[in-house]
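Labels A, B, C and D are assigned to the chains in the order they are written; within every chain, residues are numbered from 1.
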Amino acid sequence: MSFTVTTCPLVEARAPRADLYDFTVCCPEIARIATPGQFIMVRCGELTLRRPISICDAEGDLLRFVFEVRGAGTAWLAERKVGDILDILGPQGNGFTFDDTSQPAVFVGGGIGIFPLLHACKPFGTQATVLLGFRSADLVSMLEDFQAAGADVRLATDNGTAGHHGLVTDLLRARCDEGPVSAIFACGPKPMLRATAAIAEEWEIPCQLSLEQRMACGIGACLGCAQKIRHPDGTETYAHVCSDGPVFDARVVVW
Amino acid sequence: MSFTVTTCPLVEARAPRADLYDFTVCCPEIARIATPGQFIMVRCGELTLRRPISICDAEGDLLRFVFEVRGAGTAWLAERKVGDILDILGPQGNGFTFDDTSQPAVFVGGGIGIFPLLHACKPFGTQATVLLGFRSADLVSMLEDFQAAGADVRLATDNGTAGHHGLVTDLLRARCDEGPVSAIFACGPKPMLRATAAIAEEWEIPCQLSLEQRMACGIGACLGCAQKIRHPDGTETYAHVCSDGPVFDARVVVW
Amino acid sequence: MVVPNLAVNIAGVTLANPVVTASGTFGFGREYGTLYSLAELGAIAVKGLTLKERPGNAPPRVAETPAGMLNSVGLQNPGVDAFIREELPWLKEQGAVVIANIAGSTIEDYCAMAECLSDTAVDMIELNISCPNVKEGGVAFGTSCDSVAAITAAVRGYCRKPLIVKLSPNVTDIAEIAVTAVDNGADALSLINTLLGMRVDIQTRRPILANNVGGLSGPAVRPIAVRMVWQVHQRVNVPIIGMGGVATWEDAVEMMLAGANAIAVGTALYLDPYAPLKIKQGVADYLDRSGMADVSELVGAVQVY
Amino acid sequence: MVVPNLAVNIAGVTLANPVVTASGTFGFGREYGTLYSLAELGAIAVKGLTLKERPGNAPPRVAETPAGMLNSVGLQNPGVDAFIREELPWLKEQGAVVIANIAGSTIEDYCAMAECLSDTAVDMIELNISCPNVKEGGVAFGTSCDSVAAITAAVRGYCRKPLIVKLSPNVTDIAEIAVTAVDNGADALSLINTLLGMRVDIQTRRPILANNVGGLSGPAVRPIAVRMVWQVHQRVNVPIIGMGGVATWEDAVEMMLAGANAIAVGTALYLDPYAPLKIKQGVADYLDRSGMADVSELVGAVQVY
């Protein structure tokens, strides 16, 4: 565990669609050591709690994160302008672990869960298949980024306004049918993760899930962000999303 | 009582000295009906209570107020930039009342109490003598504004770094010695007001004082801003600075 | 599309909507009444009344706190007779539903006030046994079941208007107090009054309030108020007017889900005098969006774990 | 110029400075210990311990509120033995003064823990009879004088370390409870624990916390904490560790002026992990500017009206 609390300038701020913000900060302390699937805790003015946001990408001194406006904290953050100084804690958590990045891997993302997958799929280059699910076409984002990373990107929307009409897990089944998959990495809403875990189990593919939970400290001290996990001996205990996760092996998660 | 709650753009923002801000908003609803000595209640972000600030000047649609940074609210306000929208309630309170503006009058101001005197002295033109007291030379402000209004402006500082070395009330005594004074109007720290009231009584000059008190509603509803006053029959009750004041006849104030 | 019904019935009195203004925060309505029609409100709980005129406490009487404020106004009011003579007729002319909030230092005071207000046009009487700022504010009555029983039963005997008992949050078990009040004749409950708090100015090393302590209100206390409304709602069968930090329509919906039949707005008025009207509109829109026909469907609808 | 003395004596134990980290907010120090040396702190109150390991409550366990937060962690901890074996030696190596916070569901539990901790290197034992989140958190013990007397006296018999009793703010009269704790053997008091609160998500219409209710902490409660510290300070002669919303050095000074000998920082850590160190420095600078030689000069120095 090695994290810092630091202030850093916002160097790029884009709004790819309404209520979605794509920020890049210059933050060598965090960017240089961040691994895929880790997250940061961002201070939002005087709000009592920092907000957890996934690291979307880290290159050199630059750290990128993308967030949707949901409430007071993300609304405050959305108002920051290039040149403003942000107060960030990170990198935090255990991210994805990769066995062999030369093997085909599938990345399954839903909604705001797609962002950490960019940093994660990059090492796999053209071996990555990225399956993205959204509610509708107007919510689609980041396609070009995944494509630029070399991934085979496929799209599903709940209402059929873009890509496959249906669930992103339909795409996962189809992809598993197509050929070998060495690992599945997923982030998104709980039902999607649960379905992904079931498919992975069915196909006996190692699967890692990035989970969300409400957090206070973000570093393992307050025990706020509990997630029930099952141990090999069958016992169940609470692990913590911020320090034991956010990425868990799909088989240990108790739903 | 006729006030509004309105939003208005900040059209000019100057910082005449460190921690002092001179703001002008375009606010016809308030500017057109404000009378000298009235004040506004300014919303400061999400802070629970609005801050009372005197109207320094009102001309046409423009409303000017000047404030010193003291705590969280004024610090928030100080960060506003030209073009930002402010949320203001006003004009509020009973300001100064003028009998005959062709007669010589003296305006006594100390510290942040000097600002409302500008609007107040203007009708008196060259008949106004404005006595300003500050702790030291670096805190002096608004001199040119008072001079431009035609007033005879005199200065005192506690440490003698500008003008008379001593109290502004020394200047008041001196001015009373010089010749007739039809009325005294004062705003500033309590000890200064009390001394001013004593001098006024000694010289039998009508005297009006603008008082401060911590406020919540600013309009007379919460009864938060009490000020004890003496009635002609000798009884004492609590009046309210926001609605009965902020300007009171010096003789009714119970210290 | 049907317009959702906002009217609520509190102990036989119909409020056009569930938004009340909290006692002591809205005076007798004259000031805010210059901004909007008082008939727009569900009801107005007027400044706490005492039998005789009260001067109130020495200033300073208010202090800001994180997401809240302290007050130690100390029941400054012109006395119940002056209220009946000078304020009530005007309030009724405006079309307001009027809740008379009463406080005293003896049970006899309370009874006398309840009796004389019963012959007036006030719509309801709110027994303030929870003002933390003055001995006469009744907080001594509000913090033990025995005294709540005694005062409620006594006042009930003189009160010919619907009787609301306003509860103090400065107690170990508010539900127990609530049950006692209802068992002894309360037609409705209102909660919460303010929590006793203090601020010290580190420059002067003196309390900011001349009364040393004061009552804490505003968003800071909302989680406590919501919890108490929920606890009380589970135990009583009378309507609840929920208050404590309600500033937005979301807060009002939260309070109603926890068990409030109506809500009151106090401290939030100071940041936004129009808050009650915005809350009313926001609740109406929310019902509409949720396809609900009646605001009462919200009451106590929280689905707990 | 003399450097002001920051050291304070709490029941015979010397804290290098008056800044403590509040139980449950700082784990066992390992996480924040990667940012700064734990020896920089006056003391560390560790996560509430129980006799046996406890899994804690179901998530969600935390929710933000205006200027505060709710938690319903529910005393998740590895049990007192694991603490003694795996955490305490490391903590002492770091040079920390360690306060062991203990909770249980029976008086026997508390006594057993006090006894076995008395044989360890912990510096003080904090009797948590105020955790509102679990039946086993002892809040039932903390809300009546009789049970406070019983548990304090019983634990006193087994405790060979300085005994701190941690008080609940969810009571009608905290000073009475404080006096009872002291009369029955408390060497020091800490206050306040969290206030019971609730939040309801208006979209899902469910409580945000899976435990329905949780403990409110953070700046929102500071005025209540300051008032309680002031009330208790007037009635007891033992040291007080004041907490509840302390986030800045100004807050710490305010709490000490009200009567706290030391202060604890909890919720404020989450916004600024360095808050305790900044508070320590800020208090030192304040003493210096005010020409005070010893931080203890602040304690209870508020000049009330």
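The working rule: contacts are C-beta pairs under 8 Å (C-beta built on N, C-alpha and C of every residue); 3 or more make two chains touch, one makes a residue touch a chain.
Every value quoted in this text rests on a predicted model; they were computed, and no experiment measured them.
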Where subunit C and subunit D overlap in contact partners, by chain label: none
Subunit B and subunit C, separation of their C-alpha mean positions in angstrom: 36
Computed distance of Cα centres, subunit D from subunit B, in Å: 46
Computed distance of Cα centres, subunit B from subunit A, in Å: 56
Set of subunit A residues in contact with two or more other chains: none
Per-residue overlap in subunit C, given as positions that touch at least 2 other chains: 58, 65, 67-68, 218-219
Chain-level touch network, classified as line, ring, star, complete or other: line
Pairwise chain contacts, counting only pairs that touch as defined: A-D, B-C, C-D
Interfacial residue positions of subunit D with respect to subunit A in the complex: 24-27, 30-32, 34-35, 47, 55-65, 67-69, 71, 73, 76, 208, 218-219, 267, 269-274
Complex contact set, residues of subunit A against subunit D: 1-5, 43, 46-50, 89, 213-228, 237-238, 243
Subunit C-facing residues of subunit D, complex: 58, 65-68, 70, 143-144, 170-173, 195-200, 202, 205-207, 210-213, 216, 218-224, 226-227, 230, 245, 250, 253-254, 257-258, 286, 301-305
